[in-house]
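For reference, the structures are reproduced in the following blocks.
Note that chain A is present in both complexes that follow, paired respectively with chain B and with chain C.
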Partner chain A sequence: MSSSVQFYMTTILVYLGVDIIACLGLNLQFGMTGLVNFSFIVFQAAGAYTAAVVTLGPSSGNGGFQRYVGGANWPFPLPILAAAVVGGLLALIIGLFGLRRLRADYQAMVLLVVSLIATTVANNASGLVNGANGLALVPKPLQSTFNLSPLGFQWVFALISLSVAALIYLLVRRITNSPLGRTLRAVRENEFAAIALGKNVAALRLRAFVIGGAIAAVSGALFVEFITAWSPASWLFTESFVYFAALIVGGAGNNLGAVVGAALVPVGFLEATRFIPQFGRPGLVDALQWIVVGLLVALFLWFWPQGVFPERKRRYPPSRLRPSEADSPAPDRAPEMSPGA
Partner chain B sequence: MLAVDGATFEVRRGTITGMIGPNGAGKSTVLALLAGALMCASGSIVFDGVDVTSRSAYARARLGLIRTFQASSEFPRLTVLENLLVASRSRRGDSVLRVLAGPRTWRRDEEADLDRARALLGRFELSGQEQEYAGNLSGGQKRLLEIARGLMAEPKLLLLDEPMAGVNPALIQRIEEHLAVLRDEGLTMLMVEHELGVVERLCEPTIVMAQGRVLSEGTMAELRANEAVLDAYLS
Partner chain C sequence: MNSVVPAIGFGIITASILALAAVGFTLQFGATNILNLAYGDIMTACAFMAYVATQAGVNIWIALVFSGLFGALFSAALNRFAYVRFIRRGTQLFGMIILSIAASIVIQNILLAVWGASFYSLPVSQGRTFHVATMIFTTTQLVIIAIAAASMLCVHVLLKFTRLGRAMRATATDAALARDCGVSTDRVVDIVWLISGGLCGLAGAALAMNVTSITATTGSEFLIPIIAAAVLGGVGQPYGAMLGALVIGISSEVAAAVIAPSYKEVVAFVILIIVLLVRPQGIFSEIATQKEVVM
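Take a look at the complex of A and B:
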């Protein structure tokens, strides 16, 4: 296999790992808990900026052409861990005012506004994360430590990306298969009934928001350590919709659906459009990408709302004291989903 | 425009207290105020010796003040069994740290909850629907599920908001039988209901509300002889 093919394949594998992590985080928020987090990309960006800043060193270094707060030379994987902490803290702050006392549709609007504000601040506060130019020349992790060749680094980082994705999958699965996961789904289905049964719905939503935010930040940190640059153009609010599209296509509420959705949409579908020859005026194919993503979402919501891998029915072991009185099995079809569910 | 105005009454332990009155009397609003879904602008609510007036709805539920809803309020894309499990008073499994530490930290509670939930499903003849999505149940089954779910929460006071509404006569009788058994077992309930025959058979005392105020209280026979009550229903 030629080097160029290996480069391309490993790059795809890294993107796959990053997108799986992001989709798992959003699945916990949206698929399990019903939080329509239109600011999801902000947390991925926070992770990317954090990892970049604690890897680049002081802003006075590298010729001082980049201006940003902080700066350190932390070895891998500390930047990833720092990103998770920052992502979680940011989610806590935003969640405390954005999620309380608001109906779900208003929460979605507030979070969309948060996304718009975040990109505006990042673009204009040039001393924060170097403004619209963003951060570049982020050192690649482990490459000098282990004297890796460029291709060697590609393979190592692909392995790291997919390993972290597997770890995140196990973490999220532990949550979704627990009583907490069941309670989050109950909150999604009927928050008023959940409250009437003693559930602190605001606190439960915040938990899912914070954990999902931390996971999103991890995906951003891994991404920036690989592509070595990050700017506001990388995280426009529309990028959140790509992840939503991935969940809708793959199957919201199902962790395997999140994985499949990540492979199909941000990786498979968007990557496939690279091979479409340019036609019409410059940038037309890139613009059409967004139209097709939107159409994909609409088509799935109309005809296949539960996605490729629908949320599965949980089964519980027989009771020790009293065997379940099984009658003929009920049909395995979930009730109709309401739009946006 | 008033939404209730002067509703002062007591619910005695171990009874089913009925609440009747014409439409717009404020009965469901009173239930919502008691449950904490609405907050009082004035007045107080004392539950089991604790002033809960300023407490949130979920906090009141944790004290044992559990309500059912007039319209079906199941968790539709959870199974029947899961609908009950969610109502468990044990919150160990809702802790992020315990969940991340692994199932050993919550498995024992879960097993106990499974036993209780299945026992309740058996009692309400829903065992065969254990694995069915709650949203796929019939209206009557959903009503039974809601009562079973309320019991799973181990209530000290169960607020029933028109449990017979929209239910066929055969199922009304079944629900009535279940509530009678619960009353005999000592469960305290406050039931808003329009089916006066059910109220007469199950409840003592019965409170009559009209225009946001408690009009009278007593047995149905006493209320039938009360001119003010008759006027309220006829006007």
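Take a look at the complex of A and C:
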């Protein structure tokens, strides 16, 4: 393989890993718990900024042309972990006041406004993360430690991002199959029934929000370590919509669907078509891409609202707590969750 | 502090445009229960239609009417050929939110594809200026205020004194009950989309005339203040939306003058968040409570 093909392939693989992680995080919030989190991208951004700041070193570095809070020279895996912590904490703070018991569209609106406020703050508070110019020249991890060639770094990082994606997949699958996952689906399907069974719906939602926020931050951290720059223009609220589109295409509520959606929409569609020749006025191809993404979502909502991989219908055996019912020869009366939202 | 009074003048103009848009938004949400997040982008599309009309040599005020008509037809078509069909097909609340954002993105990017990211301005002569205390208004701005006031009066007369208005209020309060009482709610909903779209179009053209330049994202930036005004007044309540528009319009312009211009939009954000978290049913709450916005 020529080295330019290898560069392209490895870049796509890194994007794939990052987008899979993000989609799994959003799937936990939206697919499983039913939180329409239109501020999702804010947590990815928070992770990216955190990782950038703790790898960039003190703000006086590089001639002090960037102004930001904090600044450290932490070695590789630490920035990712720090990002996860910050993403989780931020989700806790936003979730504590933002996740009220509102109708889903009002809830979506609150979180959408949170996203807009975050963009305004990042743009205007120039001392926080260097304002509208954003952060640049983030050192690539491991490159100097192991004296990697640029191409070697590409392959190493592709491997890292896909491994992290695999880890997150296992983590989210474990949550999905645990009693916690079952309860989260109950909250999504029928909040009042969950309350009636004594579940603390607010705490459950908050938990999904925090875990999803930490996962989003990990995706952002990996991304910024790879592309080495991050600015408010990278995380406009429409980017959250891309991840929603991925889940709707792949299948919300199904982790495999989230992976496939990540491969199809953000990677397969938006990144891989980056190299089609530009025609017409500048920005025309971008606009056409967005139009197609919008139409794609509408198309899937119309024809395949469950996505390519619909959520598995879960059947639970009759409860062992009530032997009289369990003994009755009526398997069709087994309680069954209704299919996904 | 002497920048406050002129800022109130700007606030009244912003509030007039906001009132047109917010009343349209709230009428539609109240009657149909669809949160139409594409509303801001329809506004931009209407403003561009006004631009096209003026480029064709049409008088600016006729272009404004044309913009209103386009908005009415476009909104009604969006409802008939998209939203209603998805709802009948069983798309749930989550899906409808995503769908309205998809519509917003498609409309905005069609505008971007056709007109690019550059700025366009309507050929408005601002006319002579009038001084009221230390507030300054141009003739165009006074006409915008007059159009808004007249539209609000029309909405008031329509809702209070006509059969259609009564049917609209009945549909907004309880659609099922209204249907049982013989109100043809489907027809009422179509008319509501027409009126809402018409107000949206007027607001879009008025906004373009006031800010002097428009681009493909002008309307979507205006969406949050619109929603803030509608929610503050209580969703589905046209009078509430008028009040909300006044509060948001004036307070955002005063904040821009007293604190910093970049805080103009933050005021709307903050008011919206506070209202949603503290009193999501808004000031006038009957319809919002009926719609179970607070669970």
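The criterion applied here is as follows: the second predicted complex is superposed on the first by the 311 of 341 C-alpha atoms of A that agree within 3 Å, B and C clash if a C-alpha of one lies under 4 Å from a C-alpha of the other, contacts with A are read in each partner's own complex, and residues count from 1 in each chain.
Here, contacts are C-beta pairs under 8 Å (C-beta built on N, C-alpha and C of every residue); 3 or more make two chains touch, one makes a residue touch a chain.
Here the structure is a predicted model, which is why all the values come from computation and not from measurement.
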Task: Look at A:Gly34 in the shared chain and tell me whether it touches chain B only, chain C only, both, or neither; answer first, second, both or neither.
output: second
- prompt: First (chain B), second (chain C), both or neither: which does A:Leu137 touch?
  reply: neither
Task: Could you look at A:Leu180 and tell me whether it touches chain B, chain C, both or neither (first, second, both, neither)?
output: first
Task: State whether A:Tyr316 touches chain B only (first), chain C only (second), both chains, or neither.
output: first
Task: Could you say whether A:Asn190 touches chain B, chain C, both of them, or neither, answering first, second, both or neither?
output: first
Message: Quick check on the superposed pair: does A:Ala229 touch chain B, chain C, both, or neither? Answer first, second, both or neither.
response: neither
- prompt: Once the shared chain is lined up, is A:Leu204 touching chain B (first), chain C (second), both, or neither of them?
  reply: first
- prompt: Which holds for A:Arg100: it touches chain B only (first), chain C only (second), both, or neither?
  reply: second
Contacts of A:Leu288 with chain B and chain C, given as first, second, both or neither: second
Message: Residues of chain A that sit at the chain B interface in one complex and at the chain C interface in the other, please.
response: 341
Statement: Within their complex, chain A touches chain B through residues 171, 174-175, 178-183, 185-186, 189-190, 192-201, 204, 207, 211, 311, 313-317, 319-322, 324-331, 333-335, 337, 341
Message: Can you tell me which positions in chain C touch chain A when the two form their complex?
response: 35, 82, 86, 89-99, 101-103, 105-106, 108-110, 112-113, 116-117, 224, 227, 231, 262, 265-266, 269, 272-273, 276-277, 280, 291-295
Task: Please give the residue numbers of chain B that touch chain A in the complex, ascending.
output: 35, 37, 57-58, 61-62, 66-67, 69, 73-79, 81-83, 85-96, 99-100, 102-103, 106, 109-111, 114-115, 118-119, 122, 127-133, 135-136, 149, 153
Task: Mind listing the chain A positions that touch chain C in their complex?
output: 30, 34, 36, 97-98, 100-106, 108-110, 113-114, 116-117, 120, 124, 191, 238, 241, 244-245, 248, 281-284, 286-288, 290-291, 293-295, 297-298, 301-302, 305, 341
